[in-house]
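Both complexes shown next keep chain A, but they swap its partner, so chain B is in the first and chain C is in the second.
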Partner chain A sequence: MKQLFSFIRKEFYHVFRDKRTLLILFGLPVVQIVLFGFALSSEVKNIGITVFDNAHDNNSEQIINKIKASPYFLFKAPVKNYADIEEQFKEGSIKCALIFPVNFAQELARSGRAQVQIIADGADPNTATILVNYLTAIIADYQQQLNPTARLNYQIIPEVRQLYNEEQNGSLNFIPGVIALIFMIVCTALTSVSIVKEKELGTMEILLVSPFKPIMVLIAKAVPYLILSIINFIIILLLSVFLLHVQIRGSLPLLFAESILFIITCLSLGLLISNVTNSQQTAMLISMMGMMLPTLLFTGFMFPLENMPKIFQFISYIVPSRYYYIIIKAVMLKGLDFSYVWKETLILTGMSLFLLTVALKNFKTRLQ
Partner chain B sequence: MSEKAIICKDLTKQFGDFKAVNKISFDVGQGEIFGFLGANGAGKTTAMRMLCGLSFPTSGEASVAGFNVYKQQEKIKANIGYMSQKFSLYENLTTFENIEFYGGVYGLSRKEIKKRGEDMVTMLGLANEAKKLVGELPLGWKQKLAFSVAIFHRPKIVFLDEPTGGVDPVTRRQFWDLIYEAAADGITVFVTTHYMDEAEYCNRISIMVDGKVEALDTPASLKKEFNTSSMDEVFYQLARRAQRSGD
Partner chain C sequence: MKVLSFILQKEFRQIFRDKTILAMMFAVPTFQLIILPLAANFEVKNVNVAFVDYDRSTYSQELLNKIASSGYFRIVGNTISYTDALEMIEKNEADIILEIPNGFERNLVREGSQKVNMAVDAINGTKSAIGGGYLMAVLADFNSSLDVNIKSPKSSTIATAPRIDVTYSVWYNPLEEYKYYMVPGILVLLLTLIGGFITALNIVREKEIGTIEQINVSPIKKWQFILGKLIPFWIVGIIVFTIGLTVMYVVYGIFPKGSIPVLYLFAGIYLIALLGFGLLISTFSNSQLQAMFVAFFFMMVFMLMSGFFTSVDSMPAWARQISNLTPVTHFITVVRLIVLKGSGFAQVKMEFLYLVIFALLLNGAAIFNYRKTS
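Right, the complex of A and B next:
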């Protein structure tokens, strides 16, 4: 026990004296949270729009005023011809334009039907779709206003609620993904590199000649990163709650227990990688390419898994972060209890045990 | 058991068809400085790894510090020190932190580590550098420190694998002073080297060629036997017989 303690203390010296490690350890989570929380928002706000108003009547003015009042649009000076619209699209100063025909109001009054044209920048299909929906909604709203007393015989009004995220906070989706990603980097990459480093330096040989048991080397290597990862997790949670206003609905102890389980999975992976590699570069490359990329692609927080080809969906089943992502989303965002995530927990436990066994086996045979 | 620190009898290590170490037999007495020579690829490192409890022999018998290399590897490990040809201290730890770490790994108490550690840095003349990172020390100091750390837990035997690579002759000489002091304290020294002047410092030397021990005696007797005045010549005559090429 005393031996283990001096080893763990040594590991902490290593971590705190290596600026690069410290930067990865504590800089990365903050940067990622800020990046995903603010910069990479999927919400559409302050989008440039212009109007080509050929009608200049009461009705068109009222619609334009409604658009001006909307926080989603940034109203640019109205244009006088089609060429100007195109010019602005090319410049990128607007993403959509609304065009009223001459006699808009008369048409409306006479036949009860009038047309407007919406042009959106299709080069960015997602934004374009959202913009068109916004504009259509504004126009539909105005239509209602025009006929307050009119009653349709049949009317179906969809009442939409976004469960677990009523205020449509875009960061919600990213937090669990970012947490999974960070554990993957800190636990898997840093652990594997720190063991391989001992091999490169030749100190591993000394450790193997000492009475210190090989399995203790692995434990001593894993413990500091386990502790640091938990600290990291706390930092991320604090940032999420106070900076991004994410509400944690589920039980904190469950959240921590599941996270520690996932950390252990990542650590086992890191130990395994360190056993099969002999240079820091290789270890880094394997953990980055082999672990981070799948985490980004197959966890489901960037690209929906349901839309992927079957083969990729199949691959995603062996990516541990996939299960952790499901668990943490369920517990943190939906406030569900253990009975909803026991299956994923079981899978993660199985994976950890498997990886750990393989890692230990490999480590022992290296001695022969 | 016996007064011998190391006893080897027909010790063999085979990798497939390749006999890296082929039936070597020798004894090393307690407190003796034993030079283990041989060209690259002659099988020195493999033999040493077996004696250190890092790998199992294929056949033959050996005991180190009175413990069997097959059954008592853990006991062997607790009773030996080891210094590899690669510098084996942590550069981003201070001198004293390195001492604390290795002392801790060998299970010494904090008090013991503190006392012995202070004695050690004073003896090495490193008292002012004890709080400096090891990476900042010159190579000669690092190697002396590495040796002192290897015998810090007072092992019965210390294995040195080409300990003085890349060091100037003066520092090498000082390094050997440390080895003599250790031997005078009763620590058996088992050392591999490529430097023939170092071979002369040993009480007895063995020379390995192609996995076998081809010569074993005091430097003086060996020179007489091969009818030459220099160890270089002895080594050259033996190494020329080698069939295997070095790595």
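Right, the complex of A and C next:
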């Protein structure tokens, strides 16, 4: 036991000596959380719009004013002809255009029906759909305003409730994803260099001739990163709560327990990489470049898994962060208890045990 | 000039000697460009609706059929209670609950209006916005058909109310397929990763191996050294870009609508800026590990801020400023504009100016920061 403690102390010295790596360990998560939380959001707003108003009458002016007042749109100077709309699309300054026909008001007054046309930039399909929805709603609202007494004789009025996210925080979806991503990359990358570094420096020989057991070496290597990662997790949680105003709905102890489990999974993966590689660079390449893409792709927070080809969905089942993402979303954002996430927990536990065993098996006690 | 050609010869030999680097530069991006767009599909389809029907009347059944036949929704349960439906949302089996209260049909016919409850899982903003929007549209449609169906003495008022019909068309991507949006973006991203990482590692490697000292004591000038590093990787980048465009056409059938020379002009300038950035990182770092970490960090920020995933317009003002200060943003914008919309040089000249400034600044800083004495 005493041996283990002194070994862990040695590992801590290693970690604290390397200021740049420490900076990565704590700096990267903070920057990512802030970026994701503030800058990235699935909301659509401030979108450039232009109007090609052939009518120039009261009605069209009023609709234009309504659009100008909407926070979703950024009104660009109206265009004078059809070709200018295309020009603006090509400059990238607008994403949609609204066209009023000549005699818009007359048509509306005389025949009671008038048409407007929306042109949306389909390059980004979801944004296009949302923009058309916004504009249609604004126009429908105006129509209602025109004639407040006229309404459908029979109508179903939907009362919409936004579950788990009343204030429609557009970045909510990203936060659990980023936490999973950070652990997956940072924990794995840092531990993956830890053993291979000793191999490179030649200090591995000293370790091997000591009476220290391989399992002890693995534990001692993992403990400092486990502790640092837990501190990291606390920082991320504090940032999410106080800076990004994310409400933690579920039980905090459960959240911690699940996170520690996931950290252990990542550390085991890192140890395994460290055991099978021979240079820091290879270890880094595998753990950062190699892990980055599958994690980003298959966790499910950025790219919707259900739209992927079957083979990809299948691959996603072996990516640990996928399960952690489900767990943390359920516990943190939806406030569910353990009975909803036991399956994922079991899978993560199994993965950790498997990875640790393989890592231990691959720990070479002889030099080549 | 002669000195430069010798340095170039050396660099090319080093590149071609290392087979892993070669594979990383050419095979990996090609592979990724083929695979990634398959995964990056943000289309919202098959929104799962839990239909909770406490009324069980003709109208509620009609509404259910209308929703089911609209094509956007999958009804995942309709004999259940609200609690069961909420449970389905908690388990991620449903996205939206539509609750039809008891007395729905009676109230609708007698009083002319009836409220229904709609609860949306709002954690995923895009899905809830689009799914909720679709469902509202189906309801609105159902409302207007109700008037025709229920005979009513006061139904004459509706005909006189003015009505604005909204038609819409979606340009540049009428089928609203995601590949048109993602493939050009991914191409830029891969070029960025290659250009940024490989150059960042390059000078540091000379430092680690110690060969940089030999160069330092030689009469090679700073600019010759930097240029000698830039030109080979610039050529590699252009080749990767060409392969990328070919993959884009052959695999995804996307052919640039705009001028290809203009596209290459931008790619050329962008690569210079990017390589300058990689070199700058390498002059700051002492080990490949450090260089990799720093490059990784910046690439991450660049990638997230560039508008590749989420629209730059929706960011807060300060984030838009940061986004403007990263070369990737401008290049992604330009590539999407030229490839999808066929924009000409005149329409994107501002972006060109930005990229030129980046190229000058970054390379200037790299030359300035490279010291021949240690």
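Descriptive notes on the structure:
Just so it is clear, the second predicted complex is superposed on the first by the 358 of 368 C-alpha atoms of A that agree within 3 Å, B and C clash if a C-alpha of one lies under 4 Å from a C-alpha of the other, contacts with A are read in each partner's own complex, and residues count from 1 in each chain.
Throughout what follows, contacts are C-beta pairs under 8 Å (C-beta built on N, C-alpha and C of every residue); 3 or more make two chains touch, one makes a residue touch a chain.
A quick note: this is a predicted structure, and the numbers were derived from the prediction, not measured.
Contacts of A:V160 after superposition: chain C is touched, whereas chain B is not reached. By the touch criterion defined above, A:R17 lies against chain B but remains apart from chain C after alignment on the C-alpha atoms of chain A. In the superposition on chain A, A:L237 makes contact with neither chain B nor chain C.
Legend: residue contacts after superposition of the two complexes on their common chain; A:L255 is shown touching neither chain B nor chain C. Within the superposed three-chain arrangement, the count of touched residues of chain A is higher for C, of the candidates chain B and chain C. Those residues of chain C that touch chain A in the complex are listed here as 32, 36, 38-46, 63, 89-92, 108-109, 112-130, 132-133, 135-137, 139, 142-144, 146-147, 150, 152, 154-155, 157-174, 176-178, 180-181, 288-290, 292-293, 296-297, 300-301, 304-305, 309-311, 313-316, 319, 322-323, 333, 336-337, 340-344, 347-348.
For chain A in complex with chain B, the touching residues are 2-3, 5-7, 9-10, 13-14, 17-18, 201-203, 205-212, 367-368. Taken in their complex, chain A has these residues touching chain C: 20-21, 24, 27-28, 31-32, 35-36, 38-48, 74, 87, 89-92, 95, 108-109, 112-130, 132-133, 135-136, 139, 142-143, 146-147, 149-150, 152-166, 168-170, 172-173, 193, 280-281, 284, 288, 293, 297, 302-304, 306-309, 312, 326, 329-330, 333-334, 336, 340. Listed in rising order, the residues of chain B touching chain A in the complex are 52-56, 74, 77-78, 80, 82-90, 92-93, 97, 100-107, 109, 159.
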